[in-house]
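Listed after this line are the structures, all set down as structure tokens.
The following pair of complexes shares a single chain, chain A, combined with chain B in the former and chain C in the latter.
Here is the complex of A and B:
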């Protein structure tokens, strides 16, 4: 187990390195792209461009530029944004993280609860019309683009029905920190939580149903029934427990990806200035330091989630534990 | 004599079980799956509607939906009204496009922010969305299959290198990777130049290629697994014994045995690529003007969402129907090609 963890960690560091190099190359070396021009504006004189290159270190060899940037992210933490002069990138990301975490965490709680509800209900109701109905509903949730769902939600809660008692509690778009006003934080996030969780609830509900049905036919479940355990106990302690292995590993990966910035569509639609939003802005402004820092941040969470999932998976399912 | 006759009757009643092509068997299973057939029908209907976009625009709506029509007029209830109406907004200021008229030949779903016919635009947008969705799924599957065949067949260091490369792409958040490449190629340079090949920023090839690229690991993993499971089978050894070269082994022995995996994935891949395209276009880094797609129409409708919700609603509904039909069809295809996997949800 220890060598397994060490090997995973080494691989993690390697992946982080390759990802950062890849992004660095995409944004520095794509044919026809000049970061200096992006900073100075399209019609700048060669003299200004040369000055900017010198000022930002863009005239140094690429590996040196890469190393400098990594040093400023990890060691001195004083990387400064190109487009917002003087703004330090690392604290900026740290400031955006609570918004993303609030959004993703709340949505995750919702989708896990909904998915278990859908999956268990569909598996128990197998053979009735309700099972395929639930599955189609889940599939509709999976098929709807999240940004469009967000727009529809805005249309309903901020538009015509906002004046009525139904949605008058929904505050204007944006994010209020939890520490500032917990009630407003909650009210502002309810709709984004629901929007973000719908697709995942559908997907996980379907996965869980399939796993439940597969497990129901296993010998140990029949044994549990034969021992005289109640249906509820068999479901909770035997069937559901085994079925949650796939569920848990999927959850780890998706949660990591969302915290890493994949929630950006939801963040853009609801005006939540989280990490995804920051990343998107950095991409559009070609704000290279912010891009590199957000990508390092994002890749870190993804790779971390991957590693945790692998280890937890090995712990949950002894059959795949490495020798 | 009598005995012989009964035997003949018997064979007529119960014909010998003929060796059937597995594809024919799969097609038969798919034909019996009514839900999957309905989904296929819905998808084909959407494709036909979108292919017929110019027909609708020219002969029914009489508009050119790809050019702004700020000063145009149309007919509602027999009266001539401007497409862009004064006031009508929250503060009764500015111009508001005409809303849905319910008249198929005159702005059925209303106009967008620059006075274009939303109904006609929807069909043209569907063309881009479908072309990019299907195109990138096909390109991605072909590329991923070739890489998977090479990795699985040669094994060893080749397999290790290719698989690690795929792991790295896989470790990157999908949307972030697509968004970073797209913003880079669209907003900071005008298109993409590799040697003699130049893809201009307004070409549909750009989003198609980007989306195909980011999904390669998703197809690569299951196909490589399939290649590994057949590469040491007896029929491959038999082919080697007959003196078959590597190319023949890969393409005539192994490929036919992994094609079904690719086909099972295909509808689900198209569903995913259509969703990705719409997300990129919504962020203005997918399909570029003058082309439109469902994603760009939703983006256009953002500012009109409270006054003219149908501009955003209609393309979203089209996406949901298209992706839903592909997902249901994908389930059916999987059940038909791999009856053992009937219980699995994700490929």
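Here is the complex of A and C:
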């Protein structure tokens, strides 16, 4: 276990290094990007530009600039945004994290429950008309883009039907911290949760159905029936349990990516100021410090999710555990 | 002999496929008494496995159709509800399968899997079931059972896994143990160990055994009676002695003739049955073995019924006169085969 953690930590450091260097190089090698001009404004005099370059260290060689930026992210934590002057990006990301985590956790619970429901139902109803119907439904869910789905949800719940009893409980767009008002936190997140989870529920449901049908033909499932177990127990303890191995590894990766910022479309559509939203703004403003910090944050979560997947995988499948 | 424990009457199993109806089992009847061992012999696709799977109602293919009766202690298993059949599985009739590498669930400890079966049928605590699992592993010859009970299937060899399967099968003291090619996937040295184990358990507990195999050598040692299957039908059925010494069906002669013998001069070539089994989609109207039979004559265009032609309950489905058969047979098979077995 200890060697596993050490190996993983070294791996994380390596990944962070490579990714930050890449982002850094891409930023400075992109034609037409001049951070000093972005900070100073369009029509600034050369004197002001030179002053700003000196102030932000932009006149130093690139490796030195890189090292300084890393120091400001990891050690002094006082990296300042280029576009929102005076804003420190590390605390800004820390402040945005709870919103993203709230959104992704809730959606994950929803999509896992829905996917297991869809997958198991479709596998059990195989041969009836309900199986293809469920699969078409799942395919529609997978195909609906989240920004479109979110806009439609907003049109319905904030516009047309907001006045009726159906959706009058939906608060205006935005995020309320859990610590501030738990009920409002929940009410505000219900529609974003559903929107974000639908595509994943469809995808996971289809994957699970395929795995279940494959596992149902395994010899050990036949053995389980021959032992005289109930159908329910064979399904839960044998078929489903073994099918969850693929499901779990898929889940870990998607969950990590979403926490890392992939939920940005949902966050933007619903005005949730999470990490994805922050990244989105940083990209539109070409704000290197914020981009860099969110990339580091994202890479960290993806590596962490991978490590957790490996542990869960070993727990689910004893064959891959080290002896 | 008392009333049979298991009686299969005119069992027919067919599968609807895109190419037509496959008659996998076409009118099979046999019976099994308390403590008796029945060997069912035949090549791949002859319907042996489908027959016993149907007895256990383990075929869930929606395209399968079943006819006939399977009487276990007088109850017709084919008409029982799911819950009723579930109670019989494991306690009344237990089964072990061909491939021990895939027949155990890879994600659970073997002791857990044995205990699961015990707890499915008896009201016992987890600890008690676990302790029983250790005793059972010891009984099937697993060394250090108290440690191995917590191992996963992948930590066992093929032979050891088959022992675990056997331990699981006998955990609820079944009346009947069905062994579907239990040694086919194993090394030859391990095969003998597993067969001896089945023999020992049968003798110790008085369990009736249905042993399915394509290897006459396997049943030579173990079976009281032998049924030979070909193309979904039983073509010969009789006592072990009868089938080995006085085989009536040319297909049985072929099977007996194709056994390699180590105690005789090496033949230039091991004899084989010419041709291939017929497609189960289009069985010939007459004798299914007719096209491969070297003794075919006019009458063979009619399907030969399974009748007792030589007496003593020895059934066969061949139109040849017993006298004729005796003459031909002497040149084809090795009647000494059974001697060492006894």
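Here is the rule we use: the second predicted complex is superposed on the first by the 305 of 323 C-alpha atoms of A that agree within 3 Å, B and C clash if a C-alpha of one lies under 4 Å from a C-alpha of the other, contacts with A are read in each partner's own complex, and residues count from 1 in each chain.
The working rule: a residue touches a chain if its C-beta (ideal position, glycine included) is under 8 Å from a C-beta of that chain, and two chains touch if they have at least 3 such contacts.
Computed from a predicted model, the values in this text were never measured in an experiment.
Peer 1: After the alignment on chain A, I want to confirm one thing: do chain B and chain C clash, or do they fit together?
Peer 2: The answer is fit.
Peer 1: Does chain B (first) or chain C (second) touch A:145, or do both, or does neither?
Peer 2: First partner only.
Peer 1: Which of the two partners, first being chain B and second being chain C, lies in contact with A:257: first, second, both, or neither?
Peer 2: After superposition on chain A, A:257 lies in contact with chain B alone.
Peer 1: If you stack the two complexes on chain A, which partner ends up touching A:302: first (chain B), second (chain C), both, or neither?
Peer 2: first
Peer 1: With chain A as the corner point, what is the angle to chain B and chain C based on their C-alpha centres after superposing, as a multiple of 10 degrees?
Peer 2: 80
Peer 1: Does chain B (first) or chain C (second) touch A:153, or do both, or does neither?
Peer 2: In the superposition, A:153 touches no partner, neither chain B nor chain C.
Peer 1: Once the shared chain is lined up, is A:107 touching chain B (first), chain C (second), both, or neither of them?
Peer 2: Touch partners of A:107: none, neither chain B nor chain C.
Peer 1: Look at A:73 in the shared chain and tell me whether it touches chain B only, chain C only, both, or neither; answer first, second, both or neither.
Peer 2: In the superposed model, A:73 contacts neither chain B nor chain C.
Peer 1: Using the touch definition from the top, say if A:19 reaches chain B (first), chain C (second), both or neither.
Peer 2: first
Peer 1: Determine, for the superposed model, which of the two partners chain B and chain C contacts more residues of chain A.
Peer 2: B
Peer 1: Just to be sure I read the superposition right, which of the two partners does A:198 touch: chain B = first, chain C = second, or both, or neither?
Peer 2: Neither: A:198 stays clear of chain B and chain C.
Peer 1: Just to be sure I read the superposition right, which of the two partners does A:89 touch: chain B = first, chain C = second, or both, or neither?
Peer 2: Neither partner.
Peer 1: Taking the superposition as given, tell me the minimum C-alpha spacing from chain B to chain C, whole angstrom.
Peer 2: Minimum C-alpha separation, chain B to chain C: 14 Å.
Peer 1: For the complex, give me every residue of chain B touching chain A.
Peer 2: 35, 167-168, 171-176, 179-181, 183-185, 187-190, 192-194, 271, 275, 278-279, 282-283, 295, 298, 301-302, 305-306, 309, 312-313, 316, 319-320, 323-324, 327-328, 343-346
Peer 1: What does chain C use to touch chain A in their complex?
Peer 2: Answer in residue numbers: 56, 58, 62, 82, 86-91, 94-95, 97, 99, 102-107, 116-117, 120-121, 152, 154, 165, 168, 172.
Peer 1: Which residues of chain A touch chain C in the complex?
Peer 2: Going by the criterion above, the answer is residues 127, 218-220, 222-231, 233, 237-238, 241-242, 245, 316-319.
Peer 1: Taking the complex as given, what residues does chain A use to touch chain B?
Peer 2: Touch residues, chain A against chain B: 15, 18-19, 22-23, 26-27, 30-33, 38, 132, 136, 139-140, 142-148, 151-152, 154-155, 158-160, 203, 206-207, 209-210, 213-214, 257, 260-262, 264-265, 268, 279-280, 283-284, 286, 291, 295, 298-299, 302-303, 306.
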